[in-house]
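Here come two complexes built around chain A, the first alongside chain B, the second alongside chain C.
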Partner chain A sequence: MKQVLARPAARFAIGFVVPLLFLAWWQWQASSGGARALTFAPLQSIGAALVELVADGALARDMFATVSRSLAGLAIGGSLGIAMGVSMAIWRPLDRVLGPLLHAIRQVPLIGWLPLFGLWFGTGQGTELIVVCLSAFFPAMLNSYEGVAHVEQRYLDVGRLYGFTPFQRFRLLLLPAAMPLILTGLTQALAFAWIASIATEILLGAGSGLGVTMQLAQTQQRLDVILVAIIATALLGFAINTLFQRLRRHLLRWQAAPL
Partner chain B sequence: MFVDPRPPSVASADHAARGALTIADLDKSFTIGGEPRRVLDNINLSVKAGEFVSIVGASGCGKSTLLRLIVGLDADYSGEIRLDGNRIASTSLDRGIVFQDHRLFPWMTLAQNIELALLNTDTPKERRAQIVADHIALVNLKGFEQAYPHQLSGGMAQRAAIARALVTEPKLLLLDEPLGALDALTRVHVQNELQRIWMAQRSTVLMVTHDVEEALYLGDRVVIMAPDPGRIRRIVDVDLAHPRDRGAPLLHRLKDEILAELTAAPADPANLVRLPGREDRR
Partner chain C sequence: MTARAPLAALTAPLALLALWQLAALSGVFPTQVLVPPADVAETLWSLARSGELERHIGESLFRLGLGYLIGAVAGLAFGACIALSRLAEAALAPAFLAVWQVPVIAFVPVLVIFLGIDEPFKIAIVALATFFPVALATFDGIRGVPKAWFEVARVYRTRIPDLILRILVPATVPAVLTGMRVALTRSWVVLVAAELLAADSGIGQMMEMGRQMFRIDVVLAGVVVSGVIGFALDRGAKAIEHRATRWKYA
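Then we have the complex of A and B:
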């Protein structure tokens, strides 16, 4: 086993073994007739649905909508979260004033905001984006705060020795020292934004998006369409996460251990 | 007793004329568990410009605290610490320090770490790269300019830290057990380099160490400190020209003497260990 896995191609291929076994089992279930045919759509009808959704551009539109909603939420909520966490760590009075409120707010699960935001902002795409932003905000804030607040004293001493100005201290010391945790926060924020996008799309159904299509397909009893949307969601999420980890590794190339 | 200094390559010409340190009636207390505890008691020490002074003593005798005060990371003391007549109240580029851990920023390359020390000096920007390169060469790290600290061995990182401390041409260089974490062979190697660099630059050096041999090999004088509270017990002159031979009989004789002094049984009966209840037993 170890020798087989020494080859990169084999390492890559082995990740497909379980999914293929699963598909075979699925197809067997779908073709065994009776009640099972309602639970398991056969692969050929999933394939047909895929072709249909690709042909009329619906799938591309949905993927684009969900990805752009997630990334916009990550950009807005994540950067506000980093700014807030960093500010609270650098300037403790802000932490004392805003900290308790923010820590109370984050106890409310994402979905818990939907009724309120629905009344305030309606059930359109704006509300979807606000929830996605909010879901990205907290992990970014919490990790950035921890990262900046716990920069080691021995490095802070070095900053004092070389007469760093407050700005130099921030740019050359606090920010890079906190970067591993800030990026951990953004990784979590990305996951939360992705979940929030799909969830709000399913619940509000506004605009286009993979969640909107899933919800619509449920009312139309299109099992095949639901499955295409789920597979697209899984692969897309996986791809975004992989890209993000690459970026993270590049930014943290100064660290000894592989991440 | 100074060897005629070679024309220093990186140091300015009047370098050896500056860097005289005077410590007078220095006391320092910490508050531990709500009670003040004296860690340095009546320290008096004068270090001449260009002199290399080693400090040895048991752990807990306030050696590192003393260096933190001199470098200016802690201004809460009573008494006087003066460098060329000016009282020390905060950090300054006049004084460099090398800690036991190298404290290079892990997110910067070796060259960036060293250049960092020049950030707030008036060294012209276009000359900085050359000065950094000279100092990397000085500590024999050529070829590792772009390495990150985790890619360096302990000895290399420590030499980089020494280069960072030297690059600002401090009048006073403080070394806080800089070689404590190194293995024996690397240590001898870096000691030799320290001696070579000091002979070339002639800045005043104050080095704290656990290692009596190291203190004697490098120091013009060795200050022996005693703990509880930290105080100077004795100052030993090492009257031997640099560069020194490790086998010099004088160094061995002084080493035996100092070790005997450091490990002598405490004469104060209050320091004797008493097992509870022993005296009452008949």
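Then we have the complex of A and C:
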């Protein structure tokens, strides 16, 4: 057994056994004609749903909508978060005044804001975007703050020796030293924004997007459509994450040891 | 930390509360949009006195507790299984990692179709949100135990029960506890979301009803309560984590 497992190809093949057994069980449930057969969508109908959604462009439209919502949220919430985190770390009075408030806001589960925002801004796409921005804001803020606040003292000492102006200190010392954590914050913010997009789409169902399609399909008992949307979600999430990790490594290539 | 710090920390929230109270009383905003914080406190108090708040919190915490228990036990067992057996890892890890790519919230529509919108659905979604972080942390924790420790154990001819109790468990507890804490906060978020969507009781449902009836005081009371519960859960879990890993810093 050990020798079999040592071969990558064999390990790869073994990884397919459980999913295939699951699919076989699924297909059997769907075609058994029992009371639950209606709930289990047979594999051919999932395939048909995939073809249908690809052919009429609905899947591409949904994917584009969800990705652009996440990226817009990341751009707005992430940049505000970085700005806030960096300013709080540089200027301590701001930290003392706003810090406790922001940490209090952070305790509320993100989705918990939805009813309130629903009352304030309606249950449309605007509210969806606000929640996505908020979800990207906090990881960006916390990590940027940590990055700037904990720059090594010896760097700052060197800066003082060279007589850096405050701007030079920020541009040449604080920002590069904090960059790894800021990028970590943005990576986390992206993951949060992605989940928040799907969640708000499921809960509010406004506009288009993978979550909207899932929610609509649930009310129509179309499990096949839901599963196609879930698979698209998984693949997209994986692709975005991989891309971002590459970008992060590229931006941090000057570091001696890769993180 | 200077002695002035806590005072300064209180300034901003107090100033904000005062500003909020003034803005609400100024009459610029209709009461469906902004109610004074005093009204929120009053609503919270009357909800608490009528026992309604207690019922909602009780229902939410019961779902959280049961779902968390199921998810954590399953996650521990699964994580240990794929960490200890190479065959189990080869067979189960790829499927696990593939499903892990899907945000837990995306399983809400699937679970609703299979389980309906009643209690089993909410407990299942909490269990699912708990399962993944716990399983992953358990796997990492067990795999992270240095090989040398096992070699030392072999030199000392440690018996298997001792090996598990005195090496494996203490070495993995910190990672597992961190995973369990992360799982707790995540499952609370997911539960509130699930209750917003479909429930007849619970904090999420209280907020959603408040929204539908334009009772912003009830919604805000729900926001406060869910924040306090989330905070308490996180702090409680951190305290347990700290106590259980005290030996590390000794």
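Definition applied: the second predicted complex is superposed on the first by the 217 of 259 C-alpha atoms of A that agree within 3 Å, B and C clash if a C-alpha of one lies under 4 Å from a C-alpha of the other, contacts with A are read in each partner's own complex, and residues count from 1 in each chain.
Keep this in mind: a contact is a pair of C-beta atoms (placed from the backbone, for glycine too) under 8 Å apart; a residue touches a chain by one contact, two chains touch by 3 or more.
Here the structure is a predicted model, which means the values were calculated and not measured.
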item: If touched residues of chain A are counted for chain B and for chain C, the larger one; value: C
item: First (chain B), second (chain C), both or neither touched by A:233; value: second
item: Which superposed partner A:162 touches (first chain B, second chain C, both, neither); value: first
item: Touched partner set for A:42, first chain B, second chain C, both or neither; value: neither
item: Touched partner set for A:202, first chain B, second chain C, both or neither; value: second
item: Set of chain A residues, in rising order, touched by both chain B and chain C; value: none
item: Residue numbers on chain A that touch chain B, as the complex places them; value: 154-155, 157-158, 160-165, 168, 172-173, 176-177, 179, 253-256
item: Chain A-touching residues of chain B, taken from the complex the two chains share; value: 71, 73, 91-93, 96-97, 99, 101, 103, 105-108, 116-117, 119-120, 148-150, 168
item: Footprint of chain C on chain A - complex, ascending; value: 1-2, 5, 10-11, 14-19, 22, 39, 96-101, 104-105, 107-116, 118-120, 194-195, 198-199, 202-203, 210-211, 214-215, 217-218, 221, 223, 226-227, 229-230, 233-235, 237-238
item: Contacting residues of chain C [partner chain A, same complex]; value: 5, 8-13, 16, 32-33, 86-87, 90-95, 98-99, 101-103, 105-110, 112-114, 188-189, 192-193, 196-197, 204, 207-208, 210-211, 214, 216, 219-220, 222-223, 226-228, 230-231, 234
